Amino acid sequence: MATESAAMFDTDELVLNMGPQHPSTHGVLRLVLRLDGERVKDVDVVMGYVHRGIEKLSENRDWTQIILLTDRMDYVAAATNNLGYCETVEKLMEVEVPRRARYIRTILAELQRIASHCLWLGTHAMDIGAMTVFLYAFRERELILDLFEEYCGARLTYNSMRIGGLPLDLPSGWDAKVRAFCDIMDSKVEEYEELLTNNRIWLQRTRGIGVISGPDATALGLCGPPLRGSGVYRDVRKDEPYAAYDEFEFDVPLGTRGDTYDRYLIRLEEFRQSIRIIRQAVDGLPEGPIMGKVPRLLKPKAGETYHAIESPKGELGYFIASDGRSTNPYRFRVRPPSFCNLQGLRPLVIGHLVADVVALIGTLDVVLGEVDR
Amino acid sequence: MAETIAFYTLSVLILGLAVLVVTAKNTVHSVVSLVMTFLCVAALYVVLEAEFLAVIQILVYAGGIVVLYLFVVMLVNVGRPPEEHRDPRRLSVLGLGLAGAMLLEVAGIVAYSYSRSTSSVTAPAGPSPVQGNTEELGWLLYTDYLIPFELASVLLLVAMVGAIVLARRDL
Amino acid sequence: MVDDQAPGDDKAAKPADGGAPASPEVTPAASPTPAVAKPAAAAAGTKPKPKPKPKAPPEAPKGPTDPPPPDDLERPAYLVALQEALPDAVQAISYWVGDWTVIVPATALLDVARFLRDDDVASFDYCSDVTASDWPPREQRFDVIYCLYSIRRRHRIRIKVRAGETEPVPSVTDVWPAANWLEREMWDMFGVNLTGHPDLRRILMPDNWQGFPQRKDYPLEGPGEFLLESPMEWLRLRNMVDETEME
Amino acid sequence: MIDTVFWPLVKIVVLLNAVMVSVTFMTLLERKVIAWAQSRLGPMRVGPYGVLQAIADPIKLILKEDITPAKADKVMFTLAPIMSLVPAFVVFAVIPFGADPFYYVADINVGLLFIVSVTSIGVYGIILAGWASNSKYPLLASLRASAQLISYEIAVTMTLVSLILTAGTLSMVGIVEAQQEAGVWFGFIQPVAFVLVLIGGLAETNRAPFDMPEAEQELTGGFHTEYSGMRFALFFLAEYANMIVISAVIVVLFWGGWLRPFPSVDALAVLDYIPQWCWFFFKMFMVLYLFIWIRATLPRYRYDQLMRIGWKVLIPIAIANVVITAVVKVLL
Amino acid sequence: MMEITPAHYTVLSAALFSIGVIGVLVRRNIIIIFMAIELMLNAVNINLVAHSQQVENLVGQAFVVFVIAVAAAEAAVGLGIILAFYRNKETVNIDEMNVMRW
């Protein structure tokens, strides 16, 4: 008799408000779903609930204070935000950053990528119902937070870089700890794979869900793993090398099908590639100063520039204009990767079921602090 | 003694809940009353030592058919209440009268038949090779009533196909 | 080549030069609302010898200098192709710390965009960012900026469009669907008069918000709900408070 | 009178209390086992190793404010948790915890059918809770839950038919005795049926990986979203009581109920010194542990996949199992 | 009065049947009417079981099994029709069901 009841479900269109208070919208994202039964016919993405006006605020802070604000955007990858901002200002001021500082920045950024992917993996798996992976991933993320705490004293919002270099040199013995962490992480990535990669339920929940072709993903402005998952070779670290990435060997994993499972595989592979980069960087860490020649009073010449780096979420770009006279930027603009990836949600979601919506929010890996800024 | 108490309690419950079924304003309340009625009827079967039927009553009626009713009620419960529209040609009072006449008639038949009954209709079936209510019933169904039984299963199959065809929109 | 607003500042053209570009010391107070738009720039005005600027009256910053590229720098092939294909559309080309910018009029934007996307040499298939910056004293106060990237050819370019407050700027959503939300955000923050956008609604600010927060003349202090309901009344009260404080 | 009324009543009272207490400790067990699986400690604050957490939770739930949403159907909203709790408790009447009549309330000759039919009533609580809450998420969840319950009931009932064929009786006590006579637990004769009943049991009790009716990541908690306080506790109680019922039924049907391992091997007669109810509870504990273990390991199915598995995989296998069992039974 | 005879069951059955008839004749909601029909079927079943018990012949109970099967079939098809009708006319009022096709 239940076949009939199952067939009866598709009667009326139902408007379902998902969020802003919902366990799996990863923050305060609101989706207005129009459902036919449980199938999504249309979705309107509503955001801005944590809009703090960081762009406007930055136009009234001086150049150094802004580093602290960038922490608050993608709060699970604060160091990457710092890096992007500092590099942009350095580009604008044409400051040379010492090699050691660039190496350390790379290590920090890659550690941050692992931490961010850990959080993504945990929440994504949790959304699909694999509760244990969440705690395993957080266990490893904790190790990274410990490393960061030892380096800069903070665990979430690091404020760990300065324009022209770094505020602090590495504590003694830190590199050994990073090496030890890399060894641990290697085996842990295997553990995640054992739990999920060949799990039939996981495969059924992610294979063929949210498929997007390479050209479509490019046109929609997706970036980072969602773009690479569709087989588009685009990684700012390779294409427009910054920090010290041009000195390291690493691969850019690409997907073939462009579905949720591919994006999952890519991020898992990025764990390994990040570990690889960190190992190379720690092994080849040069001696030298950590701060470049930067004037006491920062005042870039009038002009504007756009500079992008590869954050864990994708292309994190800063567009900064200086009027050349004041000690704060005239225009400060962030190109938030989460925002652009979230734009891909609607085409991905339409036609799928409510349960897939949750999986698709997870696969795009959005952080609402960055979407709303 | 126990049977008497059980009978009267259950009778009151059955009739009261049945009245609720036909009088409740909210259809969902109606359906819930119906479930309760059926459960009480199942209890009555237990009193009558028909355990198998009692279980079947719960399983099929309460657990199956009425769930279907509940689904349909929930699906069509939107929009205007169905009792709003009044057909002038409809004569509810007449219906009530007819039902009363019906009750009188049934009561008459009952009274008449018992006034002259000799209860000599006892015609036990042939000795069953098995013991116990369930086993005997099964024996009966699979021997004497095999063809009706098969027909009933075909009927159910046809009903299932028909219901699916009716309920689907894209057919 | 030379744009009409900020005549070529020759200092800025030499990026290696450490000196601050010339700009007279001013207080950028000439914003339309006399209220609280008090950019910190005012405080920073105490700067070394201001060199006289030829034409510009001493006012708020008039926009980035958009220096032309040095003569000895070879122009990338896509720029040459663009100038050949659409000579009228290119108002100026600028080069600054390694970034190429092409300045086009709003009317030619769609042509330029389509050319840059479809041309084989250029093939800018990826729209990184769409944003704007606001330079209030200028008549065409907005710089609308499109950051483009070519995944195929791995190069970047910026398109810059100057637009006045009501001057229409065509939406490039048809060219790059990625621009949809970015343009929405730009409109939300600056109120650039976008035309042809399929879904122009507020995106970060609440739907009933008044005003465009990232404009330079937008009050810096928290407006509260009163501003939401009646912005003009709020402004009047603000001014009264300011006056009493002065006394 | 004493035999027909007094002792059954005493047994029922004892059993009800035992079930409630075991449910509270079941939640503690679940939290602890999952915590260990996830390399953390679980509740540690209340009492030694958090043992008293099992008491603290119900107290908290009882003391909480009991909210009825303003637009809810008051009567149904109150009735729904009761309707889902009562069937879960009624079923315990026919579960034999030992061979002696002292260990069960009743041994009715349609015991297994009784269990199936009574559990089928539990669906009303879920549907009515979703409907009476007058809220979208609970409604969606309750539709999901009831469709899931009904379709998996068919698979489980079909599977039970093959087991009835093997045992030759519907009585729960009779089934265990049949295993004693056969000298082997039916789990070894009917392994397919065991797996089917296990999967169906997981689905019927809304346990992971079939917990989409209460998938908090999708539907913010399922049909009991709008419930709080004592009424929520009733749903909670019903869910875990159902889990215990399913595990008890699985033990009786497949793992020899109160029988010791290898009931026909006399060499192991020394094991008979362990009381029968100990065996029963030990086996039940193992099945419950399996339930929790599965929850800690597996992701969640999607709703349509779940229905597809039920209708296109489990039911055909169940029917095939019945046919094969019947053929083998006739041939032997 | 203390002894329960089949007559008691017959009276109960007749009363239940009449309630069902009233429901069918008076209510306009077709779902309620269906439920009233179920009540009538149950009334018949009570009668059958009671008399089968009286005459110690299980044929009556076998009939009940068939009645339940027919009731299930009737409910499935009937509710399917109701649903199809509801989709087209947005009502479950039996007075508005006055066309054979649309």
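Which chain is which? They are A, B, C, D and E, in the order written, and residues in each are numbered from 1.
One rule holds in what follows: a residue touches a chain if its C-beta (ideal position, glycine included) is under 8 Å from a C-beta of that chain, and two chains touch if they have at least 3 such contacts.
From a predicted model like this one, the values you see are computed outputs, not experimental measurements.
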Moving only between chains that touch, what is the shortest number of steps from chain C to chain D? 2
Considering A-D alongside B-E, which chain pair is linked by more C-beta pairs in contact? B-E
From the mean C-alpha coordinate of chain D to that of chain E, what's the distance rounded to whole Å? 33
Chain A and chain D: spacing of chain centres that average the CA atoms, whole Å: 43
Mean-CA-position distance for chain C and chain A (Å): 27
Would you please write down the residue numbers of chain B that are in contact with two or more other chains? 52, 56, 64-65, 67-68, 71-72, 75, 133, 160, 163-164, 167, 169
For chain D, residues that touch 2 or more chains besides their own: 143, 146, 150
Taking each residue of chain E in turn, which ones touch at least two of the other chains? 72, 76, 79-80, 83, 87
Would you tell me which residues of chain E are touching chain B in their complex? 2-4, 7-12, 14-23, 25-32, 34-36, 38-39, 42, 45-46, 49-50, 52-59, 61-62, 64-66, 68-77, 79-84, 86-87, 90-93, 95-96
Would you mind writing out the residues of chain C in touch with chain A in their complex? 9, 12, 15-17, 20-21, 23, 25, 39-41, 44-45, 47, 61, 64-65, 67, 96-99, 125-129, 131, 133-134, 145, 147, 151, 154, 156, 158, 176-182, 185, 189, 202-206, 213-214, 218, 220
Which residues of chain D touch chain B in the complex? 73, 75-76, 79, 108-110, 113-114, 116-118, 120-121, 123-124, 127-128, 131, 139, 143, 146, 150, 153, 170
Sort out for me which residues of chain A touch chain C in the complex. 47-48, 51, 53, 55-56, 59-60, 62, 91-92, 94, 215, 218-221, 232-234, 239-240, 299, 301-306, 308, 315, 317, 319, 321, 323-328, 330-331, 333, 335, 339-340, 342-343, 372-373
Using the touch rule from the top, collect the residues of chain D that touch chain A in their complex. 34, 37-40, 136-137, 140, 143, 146-147, 150-151, 154, 208-209, 211-212, 215-220, 295-305, 307, 311
